[in-house]
Amino acid sequence: ETLDISYVRSPFNLQMIVMKEHGLLESEMAKQNVDVKWHEITSGSQQAQALASGDLDIAGVMNTASVLMANAAGNPVQILAGVSRPTDTFAIVGAKGGPSTVAELKGKKVAGPKGTVLHQTLVAALVKEGMTINDVEFIQMGIPQAFAALQSGQIDAALLAAGAIMNAQREGAQTITTATGLTVPTLVMATSEGVAHKHPEWIDAVIRAHDMAARWISENKEQAIELGARQQGVSLADANTLYDWAHFTQRLDQSDIPNLQAEMSFMLDNDLMRKPVNIEAIILPQAMQAN
Amino acid sequence: MTILKNITRRFGDQVVINDLTVELGSHPVTALVGASGCGKSTLLRIVAGLLTCDSGVIDANHKNMAVVFQEPRLLPWLDVRENLALALSRAHNSDPQCIQHALGQVHLAGIEQKFPRELSGGMAQRVSIARALLQKPDILLMDEPFAALDAITRSELQQMLISLVAQESLQCLFVTHDLNEAELISNRLLVMHAGKIVASFVKRDGQYPCSMSADIHQYLNQSLGHNENLSHH
Amino acid sequence: MQRAKSLVMPLAILMYWQLIASSGLVSSYLLPAPETVWTAAKSLYASGILSHSILVSLSRVFQGFGISCVLAFALALLVNGSRTVEQLLSAPLALLRMIPPLAMTPLLILWFGIGSTTQLAIIILASIFPVFLNTRDGLRRVDPSHQELARSLQLGRLRYFRWIVLPGAVPSIITGVRVGFGYSWRALIGAELIAASAGLGYLIIDSQEMMRTDDVMVGILTIGMIGWLLDTLFDQLLCRKLSRRFPEICRS
Amino acid sequence: MQRAKSLVMPLAILMYWQLIASSGLVSSYLLPAPETVWTAAKSLYASGILSHSILVSLSRVFQGFGISCVLAFALALLVNGSRTVEQLLSAPLALLRMIPPLAMTPLLILWFGIGSTTQLAIIILASIFPVFLNTRDGLRRVDPSHQELARSLQLGRLRYFRWIVLPGAVPSIITGVRVGFGYSWRALIGAELIAASAGLGYLIIDSQEMMRTDDVMVGILTIGMIGWLLDTLFDQLLCRKLSRRFPEICRS
Amino acid sequence: MTILKNITRRFGDQVVINDLTVELGSHPVTALVGASGCGKSTLLRIVAGLLTCDSGVIDANHKNMAVVFQEPRLLPWLDVRENLALALSRAHNSDPQCIQHALGQVHLAGIEQKFPRELSGGMAQRVSIARALLQKPDILLMDEPFAALDAITRSELQQMLISLVAQESLQCLFVTHDLNEAELISNRLLVMHAGKIVASFVKRDGQYPCSMSADIHQYLNQSLGHNENLSHH
């Protein structure tokens, strides 16, 4: 038997990297005589598809938006552990010499990926300033494209993440706001309902390996960051920043429930989701902080 | 022996073969003469089974037929040897001697390696004759096979054809514009006009009736100038 | 009768699809049932999104593919006309032909901005090469005997091209245009990834990201069927117009 | 001399690139300077990533494109051999030709899983149609006089195909294969989006996500140059092998 | 007047035109005879400027030349009218009368709308003759132009050619395999053998020397069987 798990490094999923590089999951699963196969399949929708088709047992890292949408679309994806709440990894970045506050965004061109936590951050930031999404000219595109558009002066602000933020800053762009205080982007580890049902022992093993990775990271922080930098191909300094931005976690807690609720209502309001889902039901009990 | 009964063939509005009835192959060599555009090649293609007719019956105990077309029709991507090898059935395919022999028959020994684009008009025509000979046919249908050849080569090939017919119980239907050639090698001569056989002469004691040449000229003359209109309906 | 036969397979596939879907073996999330897709199509149509997407995408493809064909012909002519130009252009063209347009989006945005120019550029990059290569190879394949004839008739360059070179290349060009059209139609997805707010490609991407597989299927099927329709129309138009001169391009 | 000319344009582009980069007008993250890219290439090479990516992608493309060609020939033969088969297959093939492979990933994952099969499927879908359509049209275009000749020679189906139909289609097939190869090479990006952990497409996507534009450029240029090289080799091989039989496929 | 001096042309190893010197065009009609493959068509193509020679000088005050090729060379995608229109310079392009007249000259009135695939061999050849006539050439180079025509049509066209030459100060170089034809319409007769002009006869008082036919046969005979080897180096 094999356990198929996706390997998602970005934005800076250090537990994943350590778990894979140190063979932690392999040794846990070996106790059950199960092989581990890693798949580099990273986008949320593709991981959800692969969970549905049974090609994937564990989605290494997914954002909660993907989990909610999958469930709303009838694909029962369940959260088995937390990974991080990287509120600083997502930001609205203004072009060099362009807007530097949310208020200045009024009537400006803002580009970024629609239907993501970045989109949600933008909406929340605008609402906080008493505006709506209709007060800016929102243009849909992926992060690399938005970065290129920002750098070539085609737009006034871009919704960027992780490395793109640092690169943009180096080029003179300024961060208007991060997601902190506006939304809580949450990255989680997920599985399909079928696997959770059939192989609860696998889930436990995955969580154990995940925890072992976290323990190693906290004990060897420098080494861990160095490993992450190497794996991600970024400088040590950048890796340190990414580490600080990431806000790692191993479990979800009660505070995540309202965050998920907020995210869901955002998506329902913006027609990104057609029907609500029961949030309690998509979080496996093991995923919650024991308090 | 092949018998064509009331064969008609149209191309669009134009009736090219018009209720034609003829029996072929009762003589070793039948020559077919007629004005340009009167339907000789069409008739040959019908006999060879390459063209269907609109009405009429072809009563042929289908023997092995080979056709020499009016143009050489060599395949440009095959050299002479390969073009000739196409005519050999698979069993003898590996026999290079056949091909050499056939090329010798048409006086083209040694050009196996050439491609059609490197041949002169007459050479290409002779290769296509060699190809037909390699098929070892019982009936040989030839459409102006010697038209592109000089007098000497032509008479050599005529001799070859005559001896071939004599030796191998080959029957031959032969379209030509050269009345001397027709007289020399055929045993029977058919005159075609506007899709019909309008006259037929038979050689007796090695001789055609001496009025034949004048008769033929009369038939051919008749068609000139209106050969286009005659057969329209 | 002909038409009927060509509908056999689509119907068979539809039935098979229905069977699989109703057997419950496959997650309805990955393969929604035909009726679900039909409902989704109806609601997309009712909301006007579907027709709008179709119109936007059609005009985008027609513009992009039109430019593609014009450029491809011009390039083929240039390259055919001069050996030097051919050698000069060979490397850049081969490179462009091999590089995935999607990998070039940052550069395209740099050059062409985020307006429709970039979208057209992606469609052009996706579809120009079949047209170009087929046209070039078609033009190159002039029968040497026709070339000789043209010289003996002292045809000018223009008439030589118009009456001998071009007609000789027609069957190749047609193949190239048909292949290229398929790619330009397919490129909608890539093109509408960038800054589009409507169109069939956008509809598909958007629905895919939101994991609405039924809408994705509506998009896919619409793209497929419109493309098929246009291809068939093109085929029949050509047969009507060209079959006398080029009997080989239509089957009897 | 010939070779020299075809290097003129790449060198000119390189100089232009250097000029732009050193002018500082363009963000170095969008268009890193040639030397930056060169350094990145050297370090990618030193770490073994580059050669590994090249090998992985080459073998992926060769497999995918090989299957593509075989399938395309088989389909062309089938369709050419029987009018009924042609009509039956016309709709599914036209649909598949028009649908963007990237839009079909959910279905591909459903059918082929997330292993290399799906990657091959994407490469095949991207490259099969130029080969198929060019081959089909080439086979269809048998000279009627050659067809008549074959009947009078009583050639069997196989020999007719081998000596008459196939050679007549060779120039078209070559064009199709060249066009198709370009697309299979381009499809690496799309293919390696799904569950690949190595390869040039993966390198590009990954570096793009990490905002390492220098590595992206290394990937793009490597893809372009290897493709160009293979295309040139193919061309020369063909000229050497086929120029006697098909003088028209090579320029004098 | 065109003068060829020491012309040599090779195809690969084979010397096809071998140090040939001849002056053309001092007579209204020059006939060229020779065995199949001896280089007649090649010579014609050199004269017409369609083929370069490896060495030698062609001294031609290049007049307007028209060529009738050994095969019809009609463009398959053009109908007869369009094929003929190609021969008209742009200025007269719109004149349908020219084309009708030329088709009448070759006895093919009324086939303007047909495509080449719908013509018989002889008809196609006549269309190609009409095309050459439409070029209004000063020098007409004809490569076996009447080879595919029946006796009557052929003699009509011979007459047309003779009267054309008489009326329009046209000069004609004429390859033929038919010695009667050569005798009838030419004023001078050249015999070619293995890439050289080996003999030349001039018509005096409307008559060639009576030994000519025998002489020619001798020259032609000489080449048979070894015409391939002769010219190899």
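Letters are used for the chains, namely A, B, C, D and E, taken in the order the chains are written, and counting of residues starts over at 1 for each.
Everything below uses one rule, namely that a residue touches a chain if its C-beta (ideal position, glycine included) is under 8 Å from a C-beta of that chain, and two chains touch if they have at least 3 such contacts.
What you see is a predicted model, and the numbers here were worked out from it, not measured in a lab.
The chains in contact with subunit B and with subunit E alike: there are none.
The minimum number of touch steps separating subunit A from subunit D is 1.
With C-E and A-C as the two chain pairs, more C-beta contacts join A-C.
The geometric centre of subunit A is 37 Å away from that of subunit C, both derived from CA atoms. Look at where the CA atoms of subunit C average out and do the same for subunit D: the two points lie 17 Å apart. Work out the mean CA point of subunit A and of subunit B, and you get 83 Å between them.
For the pair subunit B and subunit D, the distance between C-alpha centroids works out to 50 Å.
Shown for subunit D are the residues in touch with two or more other chains, namely 26, 30, 105-106, 109-110, 144, 208, 247.
Listed for subunit E are residues 71, 117, each touching two or more other chains.
Multi-chain contact residues of subunit A (touching two or more other chains): 49, 53, 144, 147-148, 151-152.
A complete list of chain pairs in contact reads A-C, A-D, B-D, B-E, C-D, C-E. By the touch criterion stated above, subunit E contacts subunit B in their complex at residues 11, 33-37, 40-41, 70-71, 107-111, 118-123, 126, 143-144, 147-154, 156, 177-179, 217, 220-221, 223-225, 227-229.
By the touch criterion stated above, subunit E contacts subunit C in their complex at residues 45, 48-50, 65-67, 69, 71, 73, 75, 77-78, 82, 86-87, 90, 115, 117, 131, 135. On the side of subunit D, the complex with subunit C involves touching residues 2, 5-10, 13, 26, 30-31, 83-84, 86-92, 94-107, 109-110, 129-130, 133-134, 137, 140-142, 144, 171-172, 174-175, 178-179, 182-183, 185-190, 201, 204, 208, 213, 216, 219-220, 223-228, 231-232, 247-249, 251.
Put simply, subunit C touches subunit E in their complex at residues 145-146, 148-149, 151-156, 159, 163-164, 167-168, 170, 244-247.
On the side of subunit D, the complex with subunit A involves touching residues 26-30, 105-106, 109-110, 113-115, 193-197, 202, 207-212, 215.
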